[in-house]
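Below are structures written as structure tokens.
In the two complexes that follow, chain A is the common piece, with chain B as its partner first and chain C second.
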Partner chain A sequence: MGELVTEKHVRYILAAEKRKDDFESVVMEHLRMNGVYWGLTTLDLLGKLDTVDVNEFVSWVMSCQHESGGFSGNIGHDPHILYTLSAVQVLALFNKLDIIDVDKVTKYIVSLQNEDGSFSGDIWGEVDTRFSYIAISCLSILHCLDKINVEKAVKYILSCKNMDGGFGCTPGGESHAGQIFCCVGALAITGSLDLVDKDLLGWWLCERQVKSGGLNGRPEKLPDVCYSWWVLSSLIMIDRVHWINKEKLIKFILNCQVVLAELLSCDFESDTENGGISDRPDDAVDIFHTYFGVAGLSLLEYPGVKPIDPAYALPVDVVDRIFFK
Partner chain B sequence: MSKESCSEEKGLNLLHQLEDIFENDPLIDEMGYIHPSQFSLLNDESGIPGDSPEEVLHPSAERTASSVESLLDASNQENLYFWNRDHKLGISTQILLQLYRSAKQSFMSAFKQYKASNIQSDKVVDSSYAFPSCDHLESILMRHSRSLLLLSCDFITAWNCRKYVLSKKNQPSVFMDELHLSALVLSYAPKSEQAWSHRRWVIKSISANCSNFNEILEKESELVEKIAEVLILCRNYILLNWKEIKDELPCLESPMLVLHELKRARNWAAQHIADNSCFHYRRRLLLKILEDSSCRRCVSSGYNFDMEQLWKDELDWNRTLVNRFVGREALWLHRRFLSSCWINHFLTESSNTSNASKETASKYHEFGEFLENELCLAKSCSTILDNDFEDLQSQAKHSACYILWLRTQVPKPLENELLEKLRGVDLLNLLNKSCPERSSLFNDIMK
Partner chain C sequence: MHGRPRKALEPVDAAAQSAKTEKLRLLQSQFLANHHNRIYSKEALEISVRLLEINPESYTAWNYRKLAVEHLVSQSESNPDTIKSIFDEELKVVESALRQNFKSYGAWHHRKWVLSKGYSSIDNELRLLDRFQKADPRNFHAWNYRRFVCALMKRSDEDELNYTEKMIGTNFSNYSAWHNRSVLLSNLMKREVEGHFPKEKVLEEEYNLVQNALFTDPDDQSGWFYHLWLIDQTVKSDAPVLVSSWPFPGSHITLKGNKCLHDHGSSISYPSLLDTGIIPLILCFNQAVEGIESSTVAVKSELGIVEDLIWKSLSTNSLNTAQVWVTYLNLRNLKLQMSRSYLIEISIGHSEGIMSSSGYHYSRPSEISFKLFVETAFTEPAEDQVGKMISWENDNFQKIEHFQEADFIMSDRIITGNDYIPAISNWCAETIGNEINSFRVLLSESDCKIGKLTLARLLTAYDSISSAHDKGMVHSEEILELYADLLKFDPTHSSYYKDERSLVLLRQITSTRESLLQYCHHDRNSIETNDGYVCLRLQNLSLSRMGSIESLLWVQMLDLGHNELKSIEGLEAMQLLACLNLGHNKIGTFTALGPLRLLKSLKVLNITHNEIGSRSVDTTRYLCSSPLSHTEEFDCDLFESLSGDVSAPSMWEAFLVFKSLNLKQLDITGNAFAGDNKIRSFLVKLLPTLKWLDGEALP
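This part shows the complex of A and B:
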């Protein structure tokens, strides 16, 4: 196992996008907006975004927008801040941000900010620092960050800092690599990284690397390819990425690729099972881990993969287009 | 009849069967998906439909009258696709796709109609006219959303519609039903983010109006512990509830509750020493007591406990675990927290009594002793034997890192004390030997 099998991954993504006749695929349809973002960003990082029908995706994305301004995971589902960010990111990939009614989306996100600066995911009120990141990232892309109370948002995020230097989902929540990415990303975008103890956090993050070279999300857990993104991007943002062993991590990610198809049940054609990346070696693949694996390799500057922005989780050329046009 | 409408009808049939099972057995508290081959085992011709798996595998000579009856009564189809006994439900994997499609379609259409009728009833002045049809639509909606959630646990829209319906109600019993449903979903999908989120919402909603809130919380702790895999969501979920208690029920002596919980959770923690969430939970409880005790210092309180002793006990208990369970990261991280707090709260607090200088001297002495003990422990764990026993290597790595941690936690005025004690220990060498991968970290930290 020595290389990234790009062609197979591209084929895997394109096939997975079309698959609608098995339970596992169909039961994910409520989060299709996320899946589309993962799949398309991966294709873009591999230089193959032109293999898909732009108009088909753009019109589908827009048909997921609600009156409230938020986007849902799929047509007919309820809106949520999670899918709102993914929708905006997908449109950014296609350079179609100009078709968004910026005021409408902004209004939706602003309405989700609470008194204490935190953000809810939707009208039902669940609070999580993930939603803080989403709000800040999304509004930043739309050039409307000033419409929320940034100071309070930052204050709330900092209140979720733990003694080990990490961040949780709410004040007092356990430090977790995913939450850390969200908090650090949000602080990066709002220019508040000086408020992070970088040595302390960097220490916690680099301890996520286990013997196999993979990264886990918190102590005592198994490594998982998706943490190649969350831990790595956080380390890059706080300028401590030299504290992990990059070569070992690259090897781990490449080992999570599925190169030879295993003949599973008769439901699958063996061809479509080629490609894709799983959470750890020898497990089943999915779009989620394929994206994070490739994104991780991008951060590690693997040849043949476009560079990705660690805070916005979009290809650097897309981010440049948004901010430096 | 076209192939499509045939399969649609079959799907609806399956949905009705599923929903009938719930009508007949509203107490179902556990479910799972069963592969068809396992199904035939459960409903083997040599066994009797409805037998428990154990009975099928080890058939006994006795058959009760009721199980013979059930053999005669049970429809053939039900045996092929659904299995229901002892309040447990099994669904054949063979029909999942079809069932999902029809559940989703029925749900979406019911939701649409319900929303439309709600808009109508808001407009109609004489609302009693709209009510009966609204109630009926509501019960259909609740039924279909439940079926859908048994197939797609994170289907946000289905959970939302239930919140929508519930937010118009006041009876606690309906909310209890929601806890029951989410527990059922968690039985087949313990990591379902939406199921946990829904529970949080339900508990928040009833906390204001419920007299037996404590009881409910007790049950929540039990449920969480029952779900074998300890998840970050579980832990955060309980913590969220503690916060809610504090805000909603200020009459509660929360420090006492927290102490009680600390004690109770100790046994459980000892059985889950590789579970970081467990120890994070303890840290939260300890921090809470610390916060409360510092603001109650000047206030006379009905309870008396020695904060310092509590901390010492926790450190001692941790030491026992560290020595017994070799190489466990979670234990060492817990120790980092405990020492950090010990140094910063108990040893270096400024005192404004008249015996200030005497106190300082004794604190200094205590600090020296504390350091001595900690370094002793760490050193005893850091001998790297020349074998490949992974746990011992881990122990060496963790203990060396622990020494480094102490070095960063010690405040400037007391640094010399530490360096004095570390004389003769080439810390950097020790660190690099135990964990060469992290040499970059060690070099930077020790600069």
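This part shows the complex of A and C:
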């Protein structure tokens, strides 16, 4: 164990971006926009964003935009708020936000806000606080937050607050670390964190740390590297991150790395199985968990990883560039 | 993506995998072609089914199926049987997709979409849900869908309550069931439904239910948070309540100039108020409220109602709710005569409008009266009047020995909140008492974390409710011992227990006048002239956080040096604060000083020997007003004109925090940034009123 094998993770991501032929890639083809955001943000956090072809990615991203203004997960698929945020985030990483037709994207997101302040994912009406976070985060990056009804959006999020101080996907939904990140992030971006019971939620969040040092997403579940992000960023936004044991968590994340080629006695997929991070030790790696592992290490101030903003999930220098120019 | 073991592929498997991949790729491209060309033939629909069976996460396919349904329905000539069978087919597709992945958002939403069209039988759904519950009782998709179905069939909350009890009875380790129970009970108690009101009866039954879970397996977290919720429901009042104010009822505020004679009376001087001519009126509630304005809170003197008072919430949230509200009386506008006493009355809640964010009204109209005596005319301090530098050295302070000198702290009546908090019911004290006994029994049988922590919380709750009956915090020692125990027992969460310990300690210190007096000092230099501050010195207490601020609204000079503070959350309520020592603590960033921006009277600040500028992660980034949270504009031009060539990245935080302060004296040595001359001169430019930096007089 011991350290973050940066070079290997960079190689893993670059190879994964190019690889489109294995089963995993085909199955996840529809969410490539998310995958690109995860991969590129990880590269930026490791200081290696300059190893990719900016123009290639930018033109692919723009080719996923529909008439409605929304972006799809890949070419040919339908638009959805999930991929609209990822698209904007990718362009932000490359400092190419100026090529966006801001009015068009804003109109798409505004059209998804419902009477009660909630947001639908697309025209088919699925409601979830994940979409509230996405709308608020995306419009904030585009400096158009005032185009939605922020007060109602905040009120809806509050209506999803539970007895344990956490938040669910809809009113009455059980608290889950992913939803908590979305709600706390949305409240952070709208300056409303005093509406969170930080001590109560902070205790619920810090009790996600189990014996192995990893974090789970809700009580009595298994730990998973992706919760290093959801739980950790939430704790940081409410200034309660000192309530977990950081050293133990770092150890857990590093243990989820694939370092050793010895696993690969055969050549098949040997390039890709070298590097990457999995959900828990000895499971298969993927881009999703590689991103969350590295992002988690960033929040834990691990050396060699750039600081990441806990609310916008983008490197701090990218966020500062957006708001302090 | 989750839970797949890491292993290399054998060549035979590789070939099969390759074929599988090709099949899926073909399916996807065929499907997309049908979707773009709006083909909804039987063959095309079949392709989408095969795709969704393999890959239920392919969201566009679910969209396609909805379009197909709409198309088929429009072709069906409104034949109800045809339409029903179209929707039934969709339900089958969802079921087969869920078999592949019972957590697929797309599949569950499609089912909701179908049901909400109204052509399908709802009865089947509960049976389907039972099967999912058995497979995975924590599947939150299933629980959400259950809530949706119950609403659709208008199933009663009581029936659902029985369902959760059944689930818990089968296996108490079902957090999802406990959570659901809390939602149902909240609704029922709020609606005051027959048989579920008063809440005393409900809570008693719930305590019994959760005790079974907690005592059977204390390490299972399922009941922990439910029990904590029960305690909160027992102790807190639904309606918002005023817990403290400044001035407090019955107090005498005397504003005297520097040169007056020693007054044998027991009033305290307010040098900072004389400087600014502004008197803050502070209201502190037990929960966030909205609606504090001149129509709901009136301030009047014998001269009439004070006009044009604007109440400000000490928070920035979009709903304009806050626990602490402030308004400022401007002496210049009040037109008070010298050397006479005025009775000022604050009337709260005589008209409706003050409400908590959960919708409960402030229900107890009350008055706070205090006397204001202005001995000398307020004048602007002369420009050349430098004044004296404040020293935080021990030698500079002398303990206040006599009670008469300490009337400013407030009488015990006020501290124990009798004026504000309604009498706690016997039931409440009895219930908490019973729980305390139960947990003592648990701890005697099993030395467990949840036992110790819950007992500590119960004792704390008991003390806080009985302090209204003048008993003070009798269990403080035992509570502090429990946290010391927990520090060793559960070292992973040691910082949590440390923070809790700090809160208990501060509650103990502020619980009676006697205990508070131990920490009150006079500033030696000003004893003769009686124009100095009373300083509350809380040094060397290993405090890792602040608390009990509602009992400290009267403080003008606060010494928190030599502790372990990372944040000063809550300090913004201390509107009278003029001098603050945060030296030798663990403050890691400028944004942690955010609360100070709201302190209009703050003149002297010591932040020496902290960790400002040496942390790469800012944990108070979103707790401090800034453009990131749309709570503050960034004056780019001003920043550039003042910063010169100071590196921008971390300096915007210093800029936002310091530009709103009016400090006379600032001490910063011992921080990572303090050695940088460019930053020092940046700060000096930001603070035009600054007279001393690190002990040196500025030109």
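Assume the second predicted complex is superposed on the first by the 318 of 325 C-alpha atoms of A that agree within 3 Å, B and C clash if a C-alpha of one lies under 4 Å from a C-alpha of the other, contacts with A are read in each partner's own complex, and residues count from 1 in each chain.
Operating definition for what follows: a residue touches a chain if its C-beta (ideal position, glycine included) is under 8 Å from a C-beta of that chain, and two chains touch if they have at least 3 such contacts.
What you are looking at is a predicted structure, and each value in this text was computed from that prediction instead of being measured.
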item: When chain B and chain C are modelled together on chain A, clash or fit; value: clash
item: Which superposed partner A:218 touches (first chain B, second chain C, both, neither); value: both
item: First, second, both or neither for A:174, with chain B first and chain C second; value: both
item: Contacts of A:163 with chain B and chain C, given as first, second, both or neither; value: both
item: Touching partner for A:324 - first (chain B), second (chain C), both, neither; value: second
item: Superposed model, chain A: greater residue contact from chain B or chain C; value: C
item: Which superposed partner A:236 touches (first chain B, second chain C, both, neither); value: second
item: Contacts of A:22 with chain B and chain C, given as first, second, both or neither; value: both
item: Touched partner set for A:193, first chain B, second chain C, both or neither; value: second
item: Chain B versus chain C as contact partner of A:140, first or second or both or neither; value: second
item: Touching partner for A:116 - first (chain B), second (chain C), both, neither; value: neither
item: Steric overlap of chain C with chain B in the superposed model, located at which of 243-251, 261-269 or 423-431; value: 423-431
item: Contact residues of chain A, present in both the chain B and the chain C interface; value: 21-23, 26-27, 30-31, 72-73, 76-78, 80, 122, 124-126, 163-164, 168-170, 172-176, 202-203, 206-207, 209, 218-221, 242-245, 248
item: Parts of chain C lying in touch with chain A, wherever the complex brings them together; value: 1-11, 14, 17, 20-21, 24-25, 28, 32, 36, 54-55, 57-60, 62-63, 66, 105, 109, 112-113, 138, 140, 143-144, 147, 173, 175-176, 179-180, 182-183, 186, 220-222, 224-226, 228-229, 288, 315-319, 321-322, 357, 491-493, 495-496, 499, 566-567, 569, 615-617, 619-623, 625-631, 634, 636, 648-649, 652
item: Interface residues, chain A side, partner chain B - complex; value: 21-23, 26-27, 30-31, 72-73, 76-78, 80, 122, 124-126, 163-164, 168-170, 172-176, 199, 202-203, 206-207, 209, 211, 218-221, 242-245, 248
item: Chain B - residues contacting chain A, complex; value: 93, 96-97, 100-101, 108, 151-152, 154-157, 160, 163, 197, 200-201, 204, 232, 235-236, 239-240, 243, 274-277, 280, 283-284, 287, 328-330, 333, 336-337, 340-341, 390, 401, 437-438, 440-441, 444-445
item: Footprint of chain C on chain A - complex, ascending; value: 21-23, 26-31, 72-73, 76-78, 80, 122, 124-126, 128, 140, 145, 150-151, 154-155, 158, 162-164, 168-170, 172-176, 187-195, 200, 202-204, 206-207, 209, 218-221, 224, 236-239, 241-245, 248, 258, 263-266, 268-269, 273, 278-279, 282-286, 288-289, 298-301, 307, 309-311, 317, 319-320, 323-325
